[in-house]
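Paired with chain B in one complex and with chain C in the other, chain A is shared by the two complexes that follow.
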Partner chain A sequence: MLRYIAQRLLQLVPILIGISVLTFLMLHLIPGDPVILFAGDKPLTPERAAEIRHQLGLDRPLLAQYLDYAGHLARGDLGRTLRGQRPVLDSILEVFPGTAELTLAALAFAVVIGVTLGIAAALAHGTWLDTTAMTLAILGVSMPVFYSSLLMIMLFSFRLGWLPATGQGGLDRLLMPAAALGILSSAVLARLVRSSMLGVLRREYIVTARAKGLAEHVVVLRHALKNALIPTITMLGLQLGALLGGAVVTETIFSRPGIGRLAVDGILNRDVPLVQGTILVAATTYVVVNLVVDVLYAAVDPRIRYE
Partner chain B sequence: MATAGPRRAASPAHALLRRAARSTSALAGGALFAVIALAAIMAPLISPYDPIKTNQRAPLDAPGWSHVMGTDNLGRDVFSRVLWGGRLSLVVGVVSVGIAASSGVALGLVAGYYGRRVDTLIMRFVDILLAFPSILLALAVIATLGSSLTNLMVAVGIAAIPNYVRITRGAVLSLKEQEFVLAARALGCGDPAIILRHILPNVTAPLIVLSTLGVAGAVITGATLSFLGLGIRPPTPEWGNMLADGRELLETAWWVAFFPGLAIMLAVFSINLLGDGLRDVLDPDVRL
Partner chain C sequence: MAGRSERDEHRDESASFGRVLRSWRLGRRDFLVLAGSWIGGATLAGMEPAAEGAPAPGGTLVYGLGFDLDDTMDPQVTNFDSTIRVTLNICEPLVWEPVPGRFVPGLAESWEVSPDAKTYTFKLRRGVKFHDGTPFTAEAVKFTMDRVVDPATKAGQSHDQLGPYDRTEIVDDHTVRIIMKDGYAPLLTNLNGYLGIVSPTAVKTMGAAAFARHPVGTGPFMFKEWVPKDHITLVRNPEYAWASPFFKHRGPAYLDQIVFKIIPEASVRTGTLRSGETQYVDDIDPLQYEALKRDSRIVVIEKGQPGSGFVLLLNTTSKGPISDHAVRLALEYAVDREGLNRTVFHGLNKVAWSPLMRSTFGYDPATEKIYSFNPDKAKQILDEAGWKPGPDGIRVKGGQRLTLDFPIIGRPRDKAMAESVQASARDVGIDIKVTPLERAAFYDLVKQDRYDINFMWFSYGDPDVLRTLFHSANVNAFNRARYQVPEVDRMLAQAAATTNRTQRAQLYARIQQRVLRDAVVVPLVDTITHNAKRAEVQGEYLDALASYVWLYDVQIRK
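Let's turn to the complex of A and B:
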């Protein structure tokens, strides 16, 4: 197991380097002269442009610039925002807990609803319940996060007045954003769990369990479910990426501070260092979480470690 | 005595359509999508009002006989804007998938067929792309290139490339040691001919499924970016930016956001139904 973890950690290194290269290149692929972005409100004379270029190291070879950038990253320095000259890392750390809270709540919603729906559909395979559940799942997968968010605000905030539409803090302000964000993932999970459960229920060990006279709920919960849920673990890691992406929208609609909203504001204000920093942190978080999920998967299914 | 002559083999497209017609899901999804696409294409002919011209005498009219989906804050007919908006939203979906598929399939074919260093290089590049949640990757591309219709399609397309590379490479790996490929090589076929004439046609089924489902994802991603103000900007009607306009009016004029969102949902639902049906009949092993 330790050897498997070490292998996966080693595989992570080139990915992290690749992420840093792509975020570094963002500044250099911008059409036009990137110096314009850093000029602020002052007029950009050729002398001032050369001075800024020198200060930022943009007059050095690309590889030297990247090594400099990577060195700063290793020291936790993600540069400063163009607006306010604030350390980018501070801006991100301030809002990161909000995104983590929203994403984890959405994941919990997705798991509870998705797994329950998937199991119910599998056990009622071929009946109206199965068809209804899967039609709801396809509808869920077809509903953009921003639409489910707006529909929920219309219903639960404006029509019924049950929940606040914006802000952060407290369960009542978390419920709607988490549900809106989690709907799509719950639909994906429901389809996967149903398909996985149907496959497991056809296996020989289930036939044996039934032949032994075990009660149906024991067959399903003790024998079928844990095997059916194994592929779900990998999907959870992938869904986290979708949730991180969806959080961009949910944070904007529900006016919640978060990394996604920070990235969007950065793009709208052409604050490239801020955008580089937020994308880098989001991608790194995603990759590390998927590593944890892969290790969990290997712990649950020993066959994976030996492949 | 007349005898029946040999039957002509059905063309691949004909065979494909016949197989797809066996799936209720594909038929239902295909029919619904055809209606939506047709309505969007015929928007210039069937749209009752100009989608951009404002009308200060009828702002925020509720749905009724003269405006079936109501009007927005500038008095523009929502139904006309939904029809016209569909043209851009669906084009973004289709063109983005075209970009993703052409780049991804080319990379996948090269990676799978030539293997070794080329394969390692391409797959490491794909792993790095996959390290970014797709909407964040699209955001990064928009942040770099700026927001416009073209850049939106490029951004959404780039974010979708990895799936095409993986599916194509996987199929090529399983096909390249088969007898028909070995026979082609023995007969002196060059690598490009083997890849394009012998291997690629056999990868078609999973690619059709992936592309169909990919259009659904691309429509959502494109609309999301426009919703955030990073894609197609008002006053050009597009489903995502229409929802953004309607966001401020949820309490007083729910129809401004409701109908564009419903249009996105129905379009994506129909494409997902079609894609699911195609997967069931063409390639049940595709895991996306």
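Let's turn to the complex of A and C:
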């Protein structure tokens, strides 16, 4: 197992290099002259433009610029924000816990709702319960996050007055955004758990388990669910990417500090170092989480690590 | 940077336009006259009667801010009006501007401006202390102005606002002279915001980066806390004893604290006012306007902005048909401004006929009579100029199709406006090609002079905004009509370098008439600020720019 983990960690290195190359190139791939981005929209004299270009090192060969950038990254230096001149890393670390809290809560919501609905639908296969659960799932998949967020705010904050509409801190401010963000993933999970449960329940070892006279809940939870969850774990890692993306919208609507809003405001303010930094951190988080998922996967399914 | 508000997107625009608030300045005689009318009685239009009975000090005001700060609270570094809405409570200006073109004492008790608008002499208030305990003197004014032009500061809007700044001379501890290289009438307006006075000691000991997270000034409120993307908290300055005579009370502010909560989504921001999570919000959701007006718990605050509203600038140097005066004239008659205001702004702005918005000093009402919405007249003008309808309805002349290039920055509001103009033009046989672009690509195109039509919006406290839009020296900046008429240049320069109000107004009237008759600008709408508050909030004042809310007098009725 340890060997497997070490192997996977090694594979991280080229991926992280790839991410850093992409974020580095971002500055050069967006249309227009990067100097204009740094100078703001004020009219520029050619001399001033050349001066800024030199200050930023943009007049050096691309490879030299990248090596410089990568060197700073390796030392944990993501540069400074354009206007506030703060270390980008500080700005990110300040809001990162907010996004982590939101996405993890959304993931928890998705797992609880998705797995429950999925099992229920599979066990009640073909009945009204199955149909209802799957209709809900289709609804959840189809509903855009901003729409469900606004609906919840209108109902629970403005009409009923139960929950605050804005801000961060406390369960009451986490409930709505986590649910709004988690709905889509819960629907995806519900459909996945249902179909893999259906597949597993037809397997011969389930028949054997029942023939042994085991209680039904033991058969379902220990024999069937454990095996049905294997594909679900992989899906969790992928869903986390979707949640990080959805956090941009959720954080904006619920006025929560977070890395998604930081990135969007960075884009609006044309703060390139900040945008590069947030993308780098988000991508790295995604890769690391998927590594963890893969390791979990190997723990649950011994066949994986011996391949 | 035009930074006002209007829907959040304006702010974005603001970033691009560099707001330069300006206004004219006054001579001492003018000031004395004003002082009488302002200081004596609180007869300002829009001011509320003083609350009855004993004031109810204390409490917290939660202000829902529609747009975030741009990562700094340093008034000289920021590019955003939203930042100034917060910092103006901390770093006070030398003069306040309650109504366009009218100034009242701030940190300066009185001032004098030379007739050529080059030398501004300020008598400073005595006994004023910064939040760090250091005294406010002429040195602080010099320090603040000098840091704007110091490249190390990386100044934002303040740099434009200070204009052709030369130097500041300290006459004595409480007298200071700001000297311009050229006549610059807009300085007084510009003092009211991005040129708020900062504590030299704080900037020097903390360093600029730390100061940007914890500004120190002389204001009625002091900085307490900033949780990025969430809120900023200010607390009352208990020492405050130097309020402008413009305000209704003396001594410390009534409120214990102000919490500026950043709520970017307009519908949520507006909703929090109704649920009571906030007591004041800027830039309400236009869709909730009617409901708010009907709600007795809520007061909607509407105020026209000064400057230049949304206009089309028509490129006079283009090689395409737009250089034909008849085509430009036809556009003036063809554009359905009323329809555009309805579809894009839910009818909340006001149809415009001049490049100056109605609230600007020098606005000429006679401009409203020059053009009208008249598609038949537009067709007739094109017919007479030889532009005849082709098989697809688009007009042709000598083998040339009447097609105009209209690149825009791809934002929802800009797209909606452009499509509205496009539909109007199509009705009279003009084909407008709207191309939404990434910002940097858009600026590349503009720099290369490859466009026929351009949007412009420029919130600004002084009619000198017309120089930004129409002076030949600004052809590579915001004069996107690339309009170069020596006579207009002369009038613009003359109007900026005189202190005579009548003469200025006459000059600006002639300039407005001239650019309209040359059909280089198609005014679309004047923008109007729409804020709202809970009815129990009293005493706030929306300034001349319809952007900054003065909170010193605010009390929350129980």
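By our rule, the second predicted complex is superposed on the first by the 303 of 307 C-alpha atoms of A that agree within 3 Å, B and C clash if a C-alpha of one lies under 4 Å from a C-alpha of the other, contacts with A are read in each partner's own complex, and residues count from 1 in each chain.
Methods note: a residue touches a chain if its C-beta (ideal position, glycine included) is under 8 Å from a C-beta of that chain, and two chains touch if they have at least 3 such contacts.
Everything numeric in this text was worked out from a predicted model, so none of it was measured.
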Fit-or-clash call for chain B and chain C when the two complexes are aligned on chain A: clash
Partner chain(s) touched by A:154 [first = chain B, second = chain C, both, neither]: both
Which superposed partner A:252 touches (first chain B, second chain C, both, neither): both
Chain B versus chain C as contact partner of A:268, first or second or both or neither: both
Contacts of A:167 with chain B and chain C, given as first, second, both or neither: second
Touching partner for A:83 - first (chain B), second (chain C), both, neither: second
Partner chain(s) touched by A:36 [first = chain B, second = chain C, both, neither]: second
First, second, both or neither for A:186, with chain B first and chain C second: neither
Touched partner set for A:239, first chain B, second chain C, both or neither: neither
Which superposed partner A:138 touches (first chain B, second chain C, both, neither): first
Interface residues of chain A shared between complexes with chain B and chain C: 30-31, 150, 153-154, 158, 252-253, 268
Of chain A, residues touching chain C in the complex: 30-33, 36-37, 40-43, 81-86, 91, 94-95, 150, 153-154, 157-158, 161, 164-168, 251-258, 261-262, 265, 268-271, 274
Parts of chain B lying in touch with chain A, wherever the complex brings them together: 124-125, 127-128, 131-136, 139-140, 142-146, 216, 220, 223-224, 227-230, 240, 243, 246-247, 250-251, 254, 257-258, 261, 264-266, 268-269, 272-273, 276
Contact footprint of chain A on chain C as seen in their complex: 12, 15-18, 68, 70-72, 77-79, 154, 156, 160, 208-209, 212-213, 227-231, 261-265, 267-268, 271-272, 274-275, 277, 437-444, 476-477
List of chain A residues in touch with chain B within their complex: 14-15, 18-19, 21-23, 26, 29-31, 138-139, 141-147, 150-151, 153-154, 158, 241-242, 244-246, 248-249, 252-253, 263-264, 266-268, 272, 275, 279, 282-283, 286-287
